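In the two complexes below, chain A is the common chain; its partner is chain B in one and chain C in the other.
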Partner chain A sequence: MERREVSFRIYRYNPQVDRHPFYDNFKVAAERGITVLRVLNHIKENLEPRLTFRAYCQAGICGSCAVRVNGVSKLACTTQVWDELAESGDEPILLEPLNNLEVIRDLLVDIDPLLEKLKSNSSWLTSSIPEQQMGHKEHIVSETEFEVIDSASDCILCASCYSECSMMGVNRRYISPPVLLKAFRMNNDTRETLAGERLKQVTADHGLWDCTHCYRCVEHCCKKIPIMDGIHRLREEAFERRMSGSEGARHAQVFFDDIRDNGRLKEMTLPLRTKGVAGSLAMIPLALKMAIKMRTPPLFTKKIPGIKRVRELYLRLEKLNAERQSS
Partner chain B sequence: MDHTFDLVIVGAGGGGLMAALEALRTNPQTSVAVISKVYPTRSHTSAAQGGVNAALANKDKDDTVELHVFDTIKGGDYLADQDAVEYLCSQAPLVVRELENLGAPFSRFPDGTIAQRPFGGTVKDRCCYCADKTGHTLLHTLFEQCLRRGVKFFNEYFLLSLEHDDGECQGVVAINMRSSAIEAFSARTVILATGGHAKMYWNRSSNAAGNTGDGQAAAFRSGISLKDMEFIQFHPTGLRKSGLLVTEAARGEGGYLLNRHGERFMARYAPQKMELGPRDLVARSMETEILEGNGFTSAAGSYLELDLRHLGAGTIKKKLPQIRELSMNFEGIDPIEEPIPVRPTAHYSMGGIDVNMAQTALCGIYAIGECACVSVHGANRLGGNSLLDILVFGKLAGREAALEAPRRASRPVSPHALKNAAAEIKSYISHKRYERYGIMREEMGKAMADNAGIYRTEVKLRQAVEDISTLRDRFRHIRLFDTGTVYNTNLFQILELKNMLDLALCVSMTSLERQESRGAHYRDDFPRRNDNAWHKHSLCTQSSDGDVKLCSTAVTMGKYGLEARSY
Partner chain C sequence: MKYAYFLSCINESMTKEVDRSLERWDKDLDIELVKLTRGTCCGGSNLDYVSPDHFLVVNGRNIAMAEQMKLDLVTSCNTCLLTLRRAKHILDNSPGKRELVNSFLLDEGLCYTGCSDVKHLLWVITEDYGLDRLAKMVTTPLSGISFAPFYGCHILRPSSLLGKDNPSAPMSLDRLIETLGGTPVEYPSKNKCCGFHTLLVAERESLTLTGNAIEDAIRSEADYIVTPCPLCHTAMDAYQLKAMKGRGAARRIPVLHLSQLIGLALGHSQHELGIDRHMIT
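Presenting the complex of A and B:
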């Protein structure tokens, strides 16, 4: 069995005794095939009984043990130490708590905010069958209808995407990727009856329209769920349901229109068209700052040379969309 | 901080959550609390892969509840109580459809009905599933519905004791893991739903780290009997290195078991059912192959192969995606390209808290699911019957408790119980103590795996009883090194070890006592079933001096007489 001595640098913080977080170093003889969780258990049982982290199923299905390994959020139980070594070379492997959640102790974070967001966005199915009549007949759901929500129902709420989300990094009130994914999963279930209500909750402030399309949630999902596809589908649904009056929806519409008309964004009038007159006035200080730094966008926007081809693309997409809806 | 509720449910797996929903449906005025040492979606129900049995007859049109009943009784080697099995199977279509109605995303047949597949030890294809993540999706569906209903959760609370006043339920004492505050939950009714105890086999177990039988141990210490503790199911296909589970659905979909000669050896043990014999039989056949030198050898021990390659990439990706992921993560093998290395692993505890349907011997206290022994699984559980068990009996207990609570007086947990719990925890911190958790737990796991495993003998079991008794003595010197009060996980390890040791003693003593082979309990020195002497449930009770007392109780029979069991 191949073995190597591997160094780990682990984030430590016990609010009862530590004024500030610090890093602790451990050396462990690790054989090929060993997981990060096995190392954590080994350290806890043999070197430092106070090391604090969560772990449960050890099989990648319960979602307890997500931590940041060399800066990246992932499940400790399915992460191979040797794979990380290949990345970090001779540097110690860095283990830290998830981002965007309060650290309670060492690698253990408070995940209650995620649960609260699930609650306030109706993250459950509301079936058409009254409760007292349940259990007698099953809904008929086609295989294709099931496949639409199959991958989204893989989510184990490990919060890796919550930790990696760039929007969460600047706004902790943001709805977060797993809650949007859950909304997608419910709204696209043919048995659901309250999709419109949920969409209202999801599109409120700090909601659906705040996502910046950075795709970090998809990149770091331990179940490889295409979360962004779900978010895009929710946005389409918002337009289909004519819920296009919000700032976020208007913002998206402006991008859509500008690119179609000019092939590029008319930044100068973007605030006016997205935020309205009052909202734009509030942005004057920012505009002045931008002017001082010579970052003011151009007053007039020219059409790009290939605008014809852009419009052809739009026509093709609209045709495809119409075909999809009629089928 | 003290709490008072009509109903306190300990454990937030599928059984606990089903009970909470049903209690609120039965009587919306019921004040319900669910306390759990892990967040609900972490519970081990999530790890159930293959499916849940119900005679829906979506696949085999001639399937009936009766056939399901008989498969279950025969599968359990005639030790199951037949009235309970009838209830389990007759309720199965109802609860599965109820979960579907609530939102569980079941896989579907082309006609849009819930898909069903073959599973071990059954004559019809009746296992309903969602790919190989059935437990995960059922658990999340139940949790979502609990959020919808506003169920009050106390997440990350660890059960310390079950309290009663001369047989009348008072509630439970639990510790808030985040603050180490010891809190009383006074309750007119309590449902224990804390899951199984097969983690006592530690490295040879498919279970989550926390499947340590906390509810069983608390019940045992409060004077409730444990039933059929000798019956531990070894699942045939654990991954070689980690013991993690490869679902029976892998064989249900057509996977082969091969020895190192490339032979489908099950042809010699169960010529008709082959790889889909009941789990006890398949696990024993595999162990025999390994003992006779027909296994593959590796640094991680001997193993056999589970070959899925002939199923094709499409089936594997669509129906067994999680198995593929597990094989790649933990064995570095893609089952589309190579066979999976497997060997039997401790998986399920058929035994548990002695209940009549869901009711314990104490008034107002119920137990359900793997922590309980009704008994519906007898000496060996069929695959697909455990998710069914938690749904059916979770629902039953929730309803019973909601009806019972208003009829009962409120009896608060006594302050002494809190003081005793605090004193015990404090005592672990003493500098005079020297035993370490990690070392003792390794020894316990080894003692159980080596001497109370698949093949048992009197000599081995005596050794197991002795080793576990010694460990229980040594536990008096165990030391808690972490003296903090914020998430002191070192403390919970110690409390879990204490629970496992008490239960391991019950398992090894009852195994030694039962001089026959039945279901999952196989004695080399008594290789036959002996109905005259042993067709009965075993019971263990804690006597006042802390010793374990053994006795027995009759099996409830019904339509089906005792028969030889062959597949």
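Presenting the complex of A and C:
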């Protein structure tokens, strides 16, 4: 078995004692196939018993051991030390707590804010079966119906996406990717009865429309869940339920309308149509500065050649949608 | 080399200098970019929320026009890239959706088959053209100038749809900078979000993202930021003063487009490349 000495640089912080976080270095003889969690356990058992982290199943199921390894949020129990060596080269492997959550101690973070958001956005199923009939009556979900939410059901709430999310990094009140994913999962479960209510909750301030679509959540999901697809589907659902009055929804509507009317985006009035008159006033100073540099968009957007064809497509699509709805 | 060139709305309005500097590639590099003038806006990661079918038909049509010209489709905007590639991925993997889209395109004599690839300009120059070949074309090496490469999200993530660079440690733009004689700096924000897409919805948060990236680049002592995306450019250039307000940064940092970076190394002046149109110069 291939074996070598590997250096680890681990974030240490006990807010009750330490004025500032610091890093400890450890050298561990590691063999190929060993995981980061095995190393953490080894250090705790043999080198530094005070080192604090959270872990349980050791098999990528419980989601409790997520940390940042070389700057990227992942499960310690499924991350191979040798894979990280390939990334870090001669540098020590860096282990740090997840971002966007308060550190309780060392690598252990407080996940209560995530749990509170799950609670306040009804992240559970509200079945059509009355409670008194629970256990007596089945509500069968077909394989095809489950396929829609199959991947989203794999979420183990490890909070890696919470840690990687761009918007979470600048607004701790933001709803966060795992809560949006749960909302998608529940709203598309055929047993669910309160989808509309939940959608109202998740589209409130700091909610669904604040996602920057940076796709960091998707890239770093330990279960490879296409989280953005769930967020997209929730936004589609907002339009289907005619919950399209928010700035985010109005912004999306502008793209739809402008392609029909001009073929291109009419950038000049985009802020006005998204934010309204009052919301756009604050943009006037920037618009003036841009005008000096001749960067302001044209007042009248030139229609693309053949715009009639595009309008015909829209008419036919609207007819198709009307036929679908009536059937 | 010849490509169908997708016209991004922002380059048609606010960042006109991008297409202006690209028009020189035909003569300079023998890369002909045929403008897709009848193409529409891609919907910028927004159209599909209003109607997923419109999103597929509109972008199926855009790609089918490139197919009709027997050319790959190239874009200079990260979000157009991702939006078009998302549509392509769905159409290539769903015969039902492809049939639906084609039933709409038939009247215009178009048919989506999936034979044209959708690429970013950065990929064209680093992969199709090749950096070795580009190095030979450099007349004014960017020696002694350091650049903070800012990739932007939609050329990196999701890697399942893009997959050229490692999203955690992208290098293609760094290598391009080196090829042109410049020095790329390492800094933590190179693969982060510029905040553009929520500027009109969550301005304070978006500007914090923009400011974080700019501050990082300034701290790395880069002379310029360089980005392959006109949306990232707008966030970091037009909104720079607003984003940096109250941060006490020592200086401003100009932001270049990928096409301008290449133009400079090929000997064109700042005026020719429209760099003097930028807000931060």
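The rule we apply is simple: the second predicted complex is superposed on the first by the 267 of 327 C-alpha atoms of A that agree within 3 Å, B and C clash if a C-alpha of one lies under 4 Å from a C-alpha of the other, contacts with A are read in each partner's own complex, and residues count from 1 in each chain.
By our rule, a contact is a pair of C-beta atoms (placed from the backbone, for glycine too) under 8 Å apart; a residue touches a chain by one contact, two chains touch by 3 or more.
Source: prediction; values computed, not measured.
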- Task: Once the structures are superposed on A, label A:Gln58 by its partner contacts, choosing first (chain B), second (chain C), both or neither.
- Result: first
- Classify the contacts of A:Val170 with the two partner chains as first (chain B alone), second (chain C alone), both, or neither. second
- Message: Which partner chains sit in contact with A:His139 here, chain B, chain C, both or neither? Use first/second/both/neither.
- Response: first
- Footprint intersection on chain A (chain B / chain C) at none
- Task: Please name which positions on chain A make contact with chain B in the complex.
- Result: 1, 14-17, 33, 35, 44-46, 49-50, 52-64, 78, 80, 104-105, 108, 111, 115, 118-119, 122-127, 129, 131-132, 134-143, 145-146, 149-150, 153-157, 186, 189, 191
- Note on the structure: Per the touch rule, the chain A residues reaching chain C in their complex are 71-72, 87, 166-167, 169-171, 174, 206, 209-216, 218-219, 226, 228, 232, 235-236, 238-239, 247-249, 251-256, 258-259, 263-265, 267-268, 270-271, 274-275, 286, 289-290, 293-298, 301, 304-306, 309-310, 312-314, 316-317, 320-321
- Which part of chain B faces chain A closely enough to touch in the complex? 25, 38-39, 41-44, 46-47, 56, 94-95, 97-98, 100-103, 105-114, 130-131, 133, 136-137, 140-141, 144-145, 147-148, 178, 208-210, 241-242, 244-245, 299, 322, 325-326, 329-330, 332, 436-438, 441, 481-482, 484-487, 489-490
- The answer for chain C against chain A in the complex is residues 7, 9-10, 12-15, 37-41, 43-54, 57-58, 61, 104, 107-108, 153-154, 157-160, 167-169, 192-193, 195, 197-198, 200-202, 205-206, 208-209, 212, 238-239, 242, 277-279
